[in-house]
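The following pair of complexes shares a single chain, subunit A, combined with subunit B in the former and subunit C in the latter.
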Partner chain A sequence: MDDNIRGDSILEVRHLRTSFFADGSELRAVDDMSYSVRRGEFCAIIGESGSGKSVSALSVMRLISYPPGFIKGGEIIFDGRDLMGVSDKEMQSIRGSEISMIFQEPGTALNPVMTIGAQIAENIRLHEKGVSRAEAEKRAAELLALVDIPNPETRIRDYPHQFSGGMKQRAMIAMAMSCRPKLLFADEPTTALDVTVQAQVLEQMNDMRRRFGTSLVLITHNLGVVARYADSVKIMYGGRIVESGTTDDIFLSPAHPYTMGLIRAVPRLDLPRSHGLYTIRGEPPDMSATPPDCCPFYYRCPYEYERCRTERPADEEASPGHVCACFRRELAAADWKEAGT
Partner chain B sequence: MSEKQGDLLVVRGLKVHFPVTRGLLKRTVGYVKAVDGVSFSIPRGETLGIVGESGSGKSTVGNGVLRATPYAVGDVIFDGVNLADMSKAETRRLRRRMQVVMQDPYASLDPRMNVRDLIAEGVRIHRSMTKAEAAARAEELLELVGIRRAFADRFPHEFSGGQRQRICIARALAMEPEFIVCDEVVSALDVSIQAQVVTLLMELQRLFGLTYMFIGHDLSVVRYISNTIAVMYLGKFMELTESETLYETPLHPYTRALISAAPIPDPRVDRARERILLKGEIPNPLDPPPGCRFCTRCPYAQDACRESEPALREVVPGHFVACRRVGEGGQWIG
Partner chain C sequence: MGKYIVKRILLLIPTVLVVCVLTFAMMRMLPGSALDFMVKRLTAAGQNVDVETLRVRLGLDKPAVTQFFIWIGGVMRGDLGNSLFQYESVGGIIARELPVTLELGFLELFWTILFSVPLGLWCAARQDGIPDYTFRVFAIIFMAIPTFLVASVVLVYPAAWWGYAPNIKYAGLFQDFRANMGMFLVPSIIGALAQTGMQLRMVRTCCLETMRTDFVRTAWAKGCGEGRVLVRHVFRNSMIPVVTVIGGSVAGVFGGNVILENLFNIPGVGQQLITALDQRDYTVIQGCVLVMAVIVMLINLIVDICYKWLDPRVELD
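For the complex of A and B:
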């Protein structure tokens, strides 16, 4: 899909397939996933636990360890290069400098016996030769100031346990941005934080993205949090992208029944309680037991019919740039429109 | 909150102060005032929501009500009886009627017991039943919470997070309680599963006339199930009112910030609404700020707010707020 924006895309993933092997069975965590991220774009990947959203990011970073994981195929074109053909050593220098990642648990991602400043400075000196320690520390303090850490010159000498959860995540953002990466993956960066701190951290990430011109891929299970910020949204289910489009496409005229279910399942603070809470029946799929030639959503889908069980729906354009893989998308979209949600 | 005839639970002046000790002799050097004087009541069959961030003391209110902590002070009156006046044996009998479901269903289920036995255990504690009868009752309960009877032989690890939470609910129901404390029951679940569990809890409430205390950090979820909501911050209630009023006319700046931070899956609505971004994070409860507890993060704080603590007062009938800048009738004092 979207070959037309190839010229200005920083990342293009084509037919990515990553599996995990255990007890003689194969779990297809990422099962033929294709997407692209444009330069400077804020792109959101939405999926529930087990949808393969984190594995897809780790695959792009080539951080899948074998065994049990294995990237079975696909192309990962980053800034004109196919990362699948890059040596491990080369990949190591791309990671942290050109592509960075922020994880859900800042507590486990930071080194507990190193000061915050030293950790940020280490990353700078690792990727930019010839930067002195003092200079790197000065830059670390500047970065902490950018993410609103008070008294950054003294706080760089603090250890991670002296930082609160929100501050740790902001330090992680500072570290991830320390080499001005072209692409940043943020995997559930605010899920472990309090609501009011979540808003701060999202605002800061967006701010840093603008300042450094970085493309951001935000991975989350809660699509409510991205409505304000994201330029484009990709909905993942069962290891594939089932729908992708602009933020307005996805939220205002969703085409996939799963997307519709996700939107309706978020309790709406702005609507009266009588509005009702929609539930998606059943549980997310077990990807080691789901056959490849079916729609992985069929047994939870209200629109499911014969064909969904035996054939995998192909990507189709619902409107230019808005792609959806569902046999029943027209029916579902008509119902959505009628419901006026 | 004004007490009424039909209240199942009345709490007056609940305080939970954990001592902080130091040294070999465990000298008490200070107190963490996790809950610092809260009062409320819950009518039978209704839900009180308690919403707050981590460190606000919301879970400790639940523990205090259940007398699950030795440091609770204050009156907890359950169905007309003050828990403080009861003997240990009497409390234990009463505890059957008060159950709790917690956030982490992984931690609350014994991994070596199949789910039928896990639930039958509760049934047999308070009902003289044969093993077979209890097992049959356990299967009934599983079905009630949406787990197929055929899965009764499985162990907790064979279920997903949402299913495990259903099992925990079935376990609580086995005791035939009247009151359930739901402590962050959906926080660890996926959005689509959250909706399922909340809907289940509401159905069970209708079926059995249950009374809930629903504790959470996500206002949009808490508001969904609650009749009344208390907004908590550093051990105190900042605002307490009927759930719809809280969203329609929030009075406390903290409540307004919480509402503005709640995600809304509609970009048109989300981009257009009021945004209050708070500075910093919740202060250390060991060393709360003088004056209003929220003053360090409040965008509207004045000198007076830093000097003395505002009381929780009823500014509109049924609407309580602890903010100096909210006047009688609920108007904002500029």
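For the complex of A and C:
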């Protein structure tokens, strides 16, 4: 546990629902999602592609463009305010200063025709009135130095294509942290990078988080990363959180069959190749076809029974702070313990 | 940069040579020579003509290849020869008439860019709104109606209804601005219509494409307002393909001016070219085509340099 964490929550999302409308059908990308992030916490949201992880983060920043997307309901309490109720103007001043975001593809997330320095300086000058261009560029160079970019004073005049992938992502971190945000979303920030650079970038992000006291929500499907850094973990499936708890809760005593499947599916280097890879059978749910009143995981779940198809499991505490939405969690947990994985 | 420009200009030389050979050859392949026209005209005027003397005087007695080398030798010394029908050097004609054509062409480009770029950006920003649909419909209409039709209608009806007609007496841009605009305003707008329609759709498409890119999402996430996102992040990135198309359309603009100059009686190279073609005035045709070709090539060079300025990823060499 990190001593950065203070008790109250910086972000509380309640019953968030975001849908996309296309060809007359509704795709429920985020479907009744609730979670909270405490101040200073390193929180991870894990899920497969299409489970609604990115959309949930974009929803909090109110960056879902309509059409086709639409936030249908819910509350997003950030630092005591409901973001669903603030004006567009106010939301604009929150984005980039109080809530920042880092994206998956550093190669395309930076404007190719603006220098790195100008892009960081833009973020600073958008939110701090009265900062001169020269001053903002100086601060941009300092930020680049913080993320270990060599010769930052000259590199701020470089364009993104003159940076390597890892450097671009570090510049993104510098930009996102330029106004010392209270909350940072990192949407698969290392997925597009070489394995050797991934650790560096994560380390940098974690370092910046501690330095500025920022809460970090890391969206990923890389369990190794999560186990190493995160304080708490939320498992997302079919647009909702199916299990959440501390990192130890999730990895040592998972309660949801989907979480167990994810952990089993991590390739292991210490087992012979004949062992084979574990896969969760079936395909991720099509959220425009799955009915709302069922467990979205039922048709892939080894513990599935009658009730899973007709009723949506409610959140229940497996242990204090460890919440799971599954009718069969006790059965699954007993099996897990017995298998001793 | 300087080295690049010099290199490109040197590369123009072979292209220009090819243009020279092609125009020269095509003119000689046309049925009916300058000589025939001149004999016909003089006979019609009731004069006795000695065809052979005339042939020698026009320099058409030598083999075509020799004629070509005589002409190209002159070109290399900067002498485009004399008109066969007018008592004037081709260089003089072009010096007098090229500014007229260039003014018309650049005015057309000016209107095109002035209207298509901001409107295209606006249409993209308000995609599928009423203005977007309206402008797109008009863009299609402008593209579909041939320039000569619009020009004819504008020449006929305002004259019949209000007694209005564009100036037909040329005045230099800096000598008499009002008279100059009285001549150029209407034809240049008509010439720009089709281009504007095409570029508006192009700008709109490019902007829409850029608006869906990751870095525009980053701009929103940084807290940029809509105006800033559009101007600072969408606009410049969208201009890269747009400049390509506008650059490519320059040749078309100057080609299309031949018709406009004739309809509006504008004393430009285009009108000169039509007359010269009728009479097979070889030297004038060759000279005009050569100069226009060089101008189009130079504009393409400028477009390429603009890329570098627009997109830092472009390496010129």
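What to note about this one:
We take it that the second predicted complex is superposed on the first by the 327 of 341 C-alpha atoms of A that agree within 3 Å, B and C clash if a C-alpha of one lies under 4 Å from a C-alpha of the other, contacts with A are read in each partner's own complex, and residues count from 1 in each chain.
We take it that contacts are C-beta pairs under 8 Å (C-beta built on N, C-alpha and C of every residue); 3 or more make two chains touch, one makes a residue touch a chain.
All figures in this text were calculated on a predicted structure; none of them were measured in a lab.
Partners subunit B and subunit C, brought together by superposition on subunit A, fit side by side with no clash.
When subunit A is checked against subunit B and against subunit C, the one touching more of its residues turns out to be B. By the touch criterion defined above, A:E122 lies against subunit C but remains apart from subunit B after alignment on the C-alpha atoms of chain A.
When the shared chain is aligned, subunit C comes close enough to touch A:S97, but subunit B does not.
Contact with subunit B, but none with subunit C, is seen for A:G261 once the two complexes are overlaid on the shared chain. Of the two partner chains, neither subunit B nor subunit C is touched by A:L143. Applying the stated contact rule after C-alpha superposition, one finds that A:L216 touches neither subunit B nor subunit C. By the document's definition of touching, of the two partners only subunit B reaches A:R273; subunit C does not. When the two structures are aligned on the shared chain, A:L63 is found in touch with subunit C, with no touch to subunit B.
Minimum Cα separation between subunit B and subunit C in the superposed model: 7 Å. Residues of subunit B that touch subunit A in their complex: 53-54, 160-163, 190-196, 198-199, 217-221, 223-224, 243-244, 247, 257-271, 273, 275, 277-278, 281-282.
Residues 61, 63, 92-97, 100-101, 103, 105, 108-114, 122-123, 126-127, 159, 161, 172, 175 of subunit A are the ones that touch subunit C when the two sit in their complex. Subunit A meets subunit B in the complex at residues 48-49, 164-167, 194-200, 203, 221-225, 227-228, 247-248, 251-252, 261-263, 265-270, 272-273, 277-281, 283-284. Chain contact summary for the complex, subunit C toward subunit A: residues 213-215, 217-225, 228, 232-233, 236-237, 310-313.
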